[in-house]
C-alpha cells in the first residue's frame, strides 16, 4: 500500500512528499454525507504557495482535528473554510470548497452569510470589550435572528448553557466579557459562535492560551457540541487531537499527508511522516 | 534497537529511556536462556548444588521484570507515547512477563535435578534424559532467535520462530512416544516418568513464551495482534503490510 | 583565582552607582524642565495677574439738565456730549488748573473710553440724570500703571510719563478715598482696543472659539474618516502608499504654507472674506488634518487584530467591524490625536497672518462669519504695542490661552476616561 | 452628530458666499507704523459714528499696497496705510487693476529715534557719525575718493568726541518701513556730507544708493525683528547698545530709554513737529474712491481721521506719538478728503 514505510529516513520521506507534485493524501479523505467538502484546494500568499492540492471532507456531527508542525498550513486551510483569508489581500485560494454542496468561493456566495453559517473560535480568547450578554447577542442582533428581546434573551441563555458557562455568569451578564478568566472567555467566544446557530464551527487552536483545567472544560464542551454541530479544530496538541476528534488530518508543509480515524492515526499511522510527527521524531 | 526511522526522538532523553528499557529486556532474554542452559547442565552433571543456584538466580529475573515494568510505567507517564512507541511499550510489557515466566520454566528443570539426585530416590537413566536435552536446546534456540528479532525487528526471524513453535508440537508428540517405550521396557522408570513429563511440559511452555514474544514483535512493527491467529494468516498479513 | 562570586561582587558597586547616576540624570532633567516651566508661569503670572484689578476714579459728575440741552429725554441722553461732561467735571474738581497743556494732562486722568461707559450707563438707567452725583469712572492706563506701582514717583519728572501735577491730583483723589482698584470686568467682556485700560480679551476668546469650532467640525470628521478608510478599508497599493507618505510629509510642512494655501483657495478662488474665523478654522483644519489622520491611524492600528477577527468571524461586514468594534476602541487614541491637533491649532498665528486674521478688530465676533482674531494673535498684537499697560495684558492673555489649553486637554482626558471605562 | 457637523459646515459656506457680497465694515491694511494711529482712529470711529469698527491689518506698507491695488470689489481692502509715499510702480499697478481713483492723505510725521538705556551716556550724534558707524562701506579716512569696508569698531573711531564704546545698534530688518526710512534719512543724510559721494548721485545713481543705503553686516548692526518692544527690552539689558525705533516707543518708555540727539536736535515732540529733528518721515493713507458709498462709512472714517480732534495739534493721535503736520498741510489734506481729490502721478 505504501512503500514509504520502508524508508528509514524522515528527511527522505519529507522530500518524497514535498517534492513530489503527484503526492496523494494517504487514508480516506471522503466520508459519507459530508457537511463540507474540499477538493484540490491551493492557497497562495502572493507568489508563495501555502497549501497544495488539499482534499478532505468534514463529516456531519464529527470533530475533525488538523495537526501538523508549525507553518504546515493547517490554520491557513482552516481559515479558507469561512473565507477568513479574504481579509488578507495577497491571499488567493483555488479549488473547490463546498458547504452543503454550495461552492463557498462562488460569486453568488455572500461572505457575511457564509460566516454566519460557518462560525469560528480563535486561538486567543477574543471577547468584545462589551458585556457578557452583548458578546453573545452581537451576532444574533447583527443577523436579525431574534424577533424580540425575550427571544434574544432566550438565545443568549441557551448559548451560554450550551457553552457550559451559564451557571458561572448568569449573575453578571452585564459585566464585561473581558473580565472573565481565560477559559471562561474562550467558552464565551464559543457561546458567541453557537448563538447564531452555525452549521460548522471552526476552532483555531482554541486551548493554546488556556491552562489544563480550562482546556479540559473546552474539550468536554467540544465533545458535547458534536451532537449538534460539525467541528473542525486546529490544534498543536496531539493529545488533544487524540482526545476530542473522530478523524485526524496530518498536514506537512502545505500538504495533507494523511487523514483517517483518530484511533488509527494515533496507534498505527500509515505514513511515516505522520508517525514521525506524532511520536515526536521531528519537529 | 533501531527505530523505524533513522532518527531518534526530538527528546533525546526519550530515546535514552527506550534504550535503557531495551537493554533491560535484552538482559532478561539472555538471563532466561542462560537459566535454561544452566538448569539442563545440572541435570547432565547431576550437580544439585548448582541446581540450587539456578533456582535462586530466578529471583534476579523477577527483579528485572519489576524493573522493566517500572520503566514502562514511567515512560508512559512522562512521554505519552503514541503509535510505534506506544505499541512497543505495550509489547515490551508483555515480553518481559513472557521472559519472567520462561525463567520459571527453567527453574522447574533445575528442580528436576534436585529431585533426581538429592536424597535416596533412584535417578533416571541417561537415555530418558536425552530427549530433555534435545528439547531444551531447541526451545532455548527459539528464545535466542526471538530476542535477536527483538533487537533488529527482522520479521523473517519472527516467522521462523513461529514456525519453530509449530514444529515444537510435533517434537513433543515424538518425545512422548519415545518415553512410553522406556516405560514399557522397564517399569521401574515409571517413578521418574511423571517428573520427566512435567519437565518436558516446562520446556514446551518455554518454547511457547518464545513464540509469544515473536508475536508481540509482529505487533510492535505492524500494530496487529497475531497471538491467536494461525501461522499462515500471520505470514499473509506480514506480506500484505 | 577569583570565583564567580568575587567577580560579580567586585562589579556590583559600580553597577549600582551607574544606575543611581542614571536616575539622577532623569531627576535633574525633570527638575530643569519644571524650573523652566515654573519660571515661565511665575513671570507670566506675576506680570499678568494685575490685570484682574483696574483703577477707577470717583468723579462728581455734573448730570444736571443743562448738560442735556435743558431737557432730559431719551434722545438728549443718547446725544449728550459726555466728553464735555467729564472734562467739565474734572475742571470743577480742580478749578485752579489752567493752561492747555495742564488741562490736557488733567483730562488724561480719565480714560477716553469713559465717556462711552458713562453714556451706556445713562442710557441703561436714565434716572441717574438730573443731578450732580459721584460716579466711578475708568482711569487712564497711565494712572492704572502708577497705581499698580510701576511708575516710580522718585524718578526725575522728565523720565516719567506721569508728571508731578498729575501725581498730585491722584494723591488728592487717594486722600479722599476716591481711587479704587476694582475687578476688571471689561477685560473679560470686551474686544480689543488701542487704549490698554479698555482692551479686553473677549473678542479674541470668541474668535478662537469660532475658529476652533470650525476647525474641529471640519478636521475631526474628515480626519477620522480618512484615517478609517486608509487604515481599514483602502486596498494596499502604490496609490495608498503614496498618499500615506504625503500625509506624513504634510504633517511636517510649516504652518504658514497652509495659510498661503488657504489664501489661494478660500479667499482667491472661493472669494470668502478676509479676517473671518470661518476661513481661519478652515485653514487650521488643513494644518491639523495630517496630525489627526496620523494619530487616528496609529490608534486604529493599535486595536488588536483579534477583535477584528472576532467580529468578522461572527459575520460582521468590514464596515460593521470598523464601526461597531474598531472605532469605539480606537476612539480614545483618536481623541488624543485630535486634541493635540486642535491644541496646536489654538496656538497658531502664522497661517492666520496671510488670511487677514492678524488684524485690529474691536467688535466681538458673534459668529464664524464676523471678522475676528484669535488669542495667540491678540498676544502678538499686544506684545507689539508701545503702551506700557499692554505688558500685563499680554501676560494675562497668555494665561488665558494657557487656561484654554488646559481646559481643552482636561476635557479630552475626561472624555477619554469616560470612553475607556467602556472597557 | 457627524451628519449635523457636515451640514453645519455646508451652511457656513453658503452664508459665507452671501456675506462676501455684503461687507459692512471698512477693511484697512498696510504699514505697521501707521497701524497704532489708524487703530486709535478706527476704535473711536466705531464707538461714536454708529458704523462698524474698521478692521485693520498690519501688513507692511508694500504688502498693503499690493492688496490695495489688487482690484475693486468687496474682497479688496478699502484703505491702505503707508509709511512712505506710494511708488510710481504701485500706482501703475493700481491703474491696471481698475483702481483708478485713489485719495492720498498724509496724516503726520513719525520720528525715528536712536535710543539707548537711561543708564548710558546720552550721545550727541551727527548723521555723518551714524553713516560712518553703520554703513557697510565708508569713504577712505585718508581722504582719497574711494570706499573701504567699514573699519570702525567704536564710536570714538568714528568721531573722537564720542565715547570709546563698541558700536552696537539694534534695529529692524530690511523688510521694515522703519529701516527704509532710517536708511534714507539718517544714513543717506550722513552720506551726502561727503561731497564726492554727493556728486555720484548725478553720475552713478545706483552706486550712490548702494553706498548710502547699505547697512554693515559684520555684527555692529543687529537685526532685532519687527517687535520694537523687544528692542527696548534689550536696550535696558545692554546699556552700551543703541536701538532704532519709532518715536512713539520712546514716548511710551521715556522713563527707561533716552533718545540720542541728532545733528544737535533731541528727539522731542515739538522738535520733530517743527521739522528741526532731521530723521522723521511722513505717514500716509490711501483710499479707494470707488468703494465710497459701497462700503458704509469710508467717507466718514476719512473725515474722522483728518479731523482736528484726531490729527490736529492737540488731537488724540499726538498722545500716541504721532507728530502733527502744520495747520496749512492739514487744511490741504482735509480738503482733499472732502473733495475726494484723485491722486495722479
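For clarity, chains are labelled A, B, C and D in written order, and residue numbers in each chain start from 1.
Going forward, contacts are C-beta pairs under 8 Å (C-beta built on N, C-alpha and C of every residue); 3 or more make two chains touch, one makes a residue touch a chain.
Keep in mind it's a predicted model, so treat the numbers as computed, not measured.
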{"item": "Target chain D, source chain A, minimum contact steps", "value": "2"}
{"item": "Greatest separation from chain A - chain, by CA centre", "value": "D"}
{"item": "Chain with minimal offset from the mean of all protein Cα atoms", "value": "C"}
{"item": "Separation of mean Cα positions, chain D and chain B [Å, integer]", "value": "123"}
{"item": "Interchain centroid distance [CA atoms averaged], chain A/chain B, Å", "value": "50"}
{"item": "Distance from chain D to chain C - Cα centre to Cα centre, in angstrom", "value": "29"}
{"item": "For chain B paired with chain C, centre-to-centre distance based on mean C-alpha positions, whole Å", "value": "103"}
{"item": "Overall pattern in which the protein chains touch one another (line/ring/star/complete/other)", "value": "line"}
{"item": "Pairwise chain contacts, counting only pairs that touch as defined", "value": "A-B, A-C, C-D"}
{"item": "Of chain A, residues touching chain C in the complex", "value": "82, 84, 87, 89, 112-116, 119-122, 124, 126-130, 138-139, 142-143, 176, 178-179, 189, 192-193, 196"}
{"item": "Chain D residues touching chain C - in the complex, by the definition given at the top", "value": "2, 5-6, 8-9, 12-13, 15-17, 19-20, 23, 25, 27, 29, 32, 35-36, 38-40, 42-44, 46-47, 52-53, 55-58, 74-75, 118, 226-229, 246, 248-249, 251-256, 314, 316, 319-321"}
{"item": "Interface residues, chain A side, partner chain B - complex", "value": "1, 5, 8-10, 13, 238-239, 242, 266-269, 272, 275-276, 278-283"}
{"item": "Residues of chain B defined as touching chain A within the complex", "value": "3-11, 14, 79-87, 222-224, 241"}
{"item": "Chain C to chain A touching residues, read off their complex", "value": "235-236, 304, 306-318, 320, 324-325, 328-329, 422-423"}
